[in-house]
């Protein structure tokens, strides 16, 4: 096992105005070669754990360590944010520039790249996600699948060491979903993926974590999804 | 993020009908704004503080809020005493502080704080939804009261939308500073929020149409104010009017 | 730029309230029920913009964006701003009941004026879109600052110094509002021009001037 | 088979500014006892078909018939809108009133009920969705699940003959999802449900329609989801 890149220990978090804590003692560890799938119901705390890792939510208790350094204050998270990419569940929450190129160049510019460097990085990243020539398209008018790929490109443009992906296959058509699996497989970085799409997790991850009621435990076994079609689906019946 | 800092509470002012409080606050504020003597303004401030006492609000939040309101007043204290003509009180380096200057600055301070304290005690103790309903009961044009209520309803949705976009910017290493990249980024965030808001407005309008809306809002509100509410509102309003009368006839001076 | 309660003499408060009432009436007349929701959602987004603090050197200021509001709403800016000011008064005690009229007038009349000045420029494309939008944002805030200091100065000679300081301190805000309005208007013109109640002269797509890199390099 | 309540035939629709049509010859038929599940990928045209049925989008070609009457103009759709309820994918788009009671009474008042009648309908409807006593709650302070239930109540308050539901289980926690299944099963009206949640469709519907690239075809069989867990899920492997 290599040394951990990111590690969260005993994280507690409660949203203001709610009674039950969203996280109560959750742990998460990523190494530079992790491919970790996160399973759990809606509201079990998966997204909260991601937002805590990125320093967006401040845990009431628990420690976050990145590359051996404990992170506490807002400023401490800047290096982490430069090196860990976060893909939002809804691309509409992630993309806010008029054109694709603006959005992709945004991260590199924040990291201090020159406009010319940012442009060439953007062009490279677009070709990784298979959207060559999309530079001047209007982000708001892209299809759901295209938006997801632009969002991924905008994160990859920061040349991160790890990616956190929140429900990346929601709203994807099957072709884009397949393309995403291929792209992720080719990336040489750590992945941590929240998904309800077990088949997708099976194809992209090598270890799994169960999140339940705000706590985490490694999943020894992964539930698999099998889909079959059969006659008589229009008659009420049950499967076990 | 809770915007209604004072709306939660159990005091009699919290349970009073918003329409009655709106009337009381308006009459009291107008009367206080018309006061010209320090004595009457002190009286108004006392009433304001008394109301605050009844409302039992969090002292910390209250102090912060009053401090903020008094920032503008403090700014007037810097200029008014030296730029008002009148009897010199004190001179320094060519600046002359006048008696009249101090008087007017003091009067403004008292009046301003009187109105704000009464306003917080009366209106900040209602939630915005009740105030909007109160406005409708007071026969404020329906378009205005609905505009008020719908603005409040969607403020939260849009605030959340903005926060998610701004989180997205933070996560991609955005640190605001005084430079054109920062201003451009904020402008992009705002433009995106506006465009999404407009799209949302279209969906909401469709939702209204689908539930049979054809241009007329029907109202549910028929509730009358309780006698307790009306009497309390009258007392507050009358105290303001009494102060104004006292001020006008200079009763304080006669005493 | 809110004038606090208890500062101005009654005559000024009353006449400003009357003028505001007239403006609000015109706005309400022009606002039909079908556009009510759109207006409410836009005024909510402007309220949200006013909560955004933007760094200006060592301090920070909040956005006003009333020039942009004027372009999107015209006369309806009056009721929209009235609603926003009432909310600000109740939630944060910026201003109050007696100064509501003067504050509404000072914040809402400039956007209406800007609507009439800048709409033709943005429609026929005689001026560059960014340039016209910059001056729209700049002018609206400048006029608001002038009106606010003007009403303060009308309050008596002794307020003139305060008025001057207020005006001078608003200059950086005017420039930033102009910059932000310019970017927002060209963004909306490109992505969703139907937001404007008039036909906006959409800029021709020219990749070299529109890329992120070149515009941030300005 | 009873006579159709709503029928859409050969519907074509293209969004302004796009190249490919969203609908190209789609059909939909609901009878008063239909429980129809709509399957299809994102972007296949399901929501567009719903919006066309309700008269929000005007098809470039095709006919819409409600209770035997063809509908063409905006005015024609008023009866249909009074009798077919539409549950939006996002509850925030549907609930625009400051309080719950305002929202639920909105439909009945528009249909000409008196305030008193509207109030009593609202109370009844709230108890159907299990939110008794929520009348004066403030809409924006409700949880996601509560909002969905209030949105359902606001639609049911119009006493519709049919319901169109667009992705009703998105963002629902498992408990609210179960409650929704029970509520829908107890309703005596026609249902047409768009959902990716096959298990939910299986539990609520009796016939199914596939939507693909803007066309529809009845699904003879419904794909089922089966989940099993087994050891060794953390080792790469394949199932067929």
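Note that the chains take the letters A, B, C and D in the order they are written out, and that residue 1 is the start of every chain.
Rule of thumb we're sticking to: a residue touches a chain if its C-beta (ideal position, glycine included) is under 8 Å from a C-beta of that chain, and two chains touch if they have at least 3 such contacts.
Given the structure is predicted, the values throughout are model-derived calculations rather than measurements.
Note on interfaces B-C and B-D: more C-beta pairs are in contact across B-C.
Averaged C-alpha coordinates put the centre of subunit B at 20 Å from the centre of subunit C. Between the Cα centres of subunit A and subunit D there is a gap of 30 Å. Distance between chain centres (mean CA atoms), subunit C to subunit D: 41 Å.
Averaging C-alpha coordinates per chain places the centre of subunit B 42 Å away from that of subunit D.
Within subunit C, the positions touching two or more other chains are listed as 37, 187, 191-192, 216. Across the assembly, subunit D contributes 96 as residues in contact with two or more other chains.
The multi-chain contact residues of subunit B, meaning those touching 2 or more other chains, are 150, 152-154, 157, 181, 188, 191-192, 195, 200, 204, 208. Touching chain pairs in this entry, ordered by label, are A-B, A-C, A-D, B-C, B-D. If you check the complex, the residues on subunit A that touch subunit B are 16-17, 51, 54, 56, 78, 81-82, 86, 88, 92-98, 102, 106-107, 109-111, 140, 154-155, 158.
Across the complex, subunit D is touched by residues 127, 129, 132-133, 149-150, 152-154, 156-157, 200, 203-204, 206-214, 218-220, 222 of subunit B. Of all residues in subunit C, those touching subunit A in their complex are 186-187, 190-192, 205, 207, 210-214, 216-217. Interface of subunit A with subunit D (complex): residues 41-43, 141, 143-145, 171-174, 198, 202, 206-208, 219-236, 239. Residue ranges of subunit A in contact with subunit C, taken from their complex: 97-99, 101-103, 105-106, 109, 115-116, 118-119, 135-136, 138-141.
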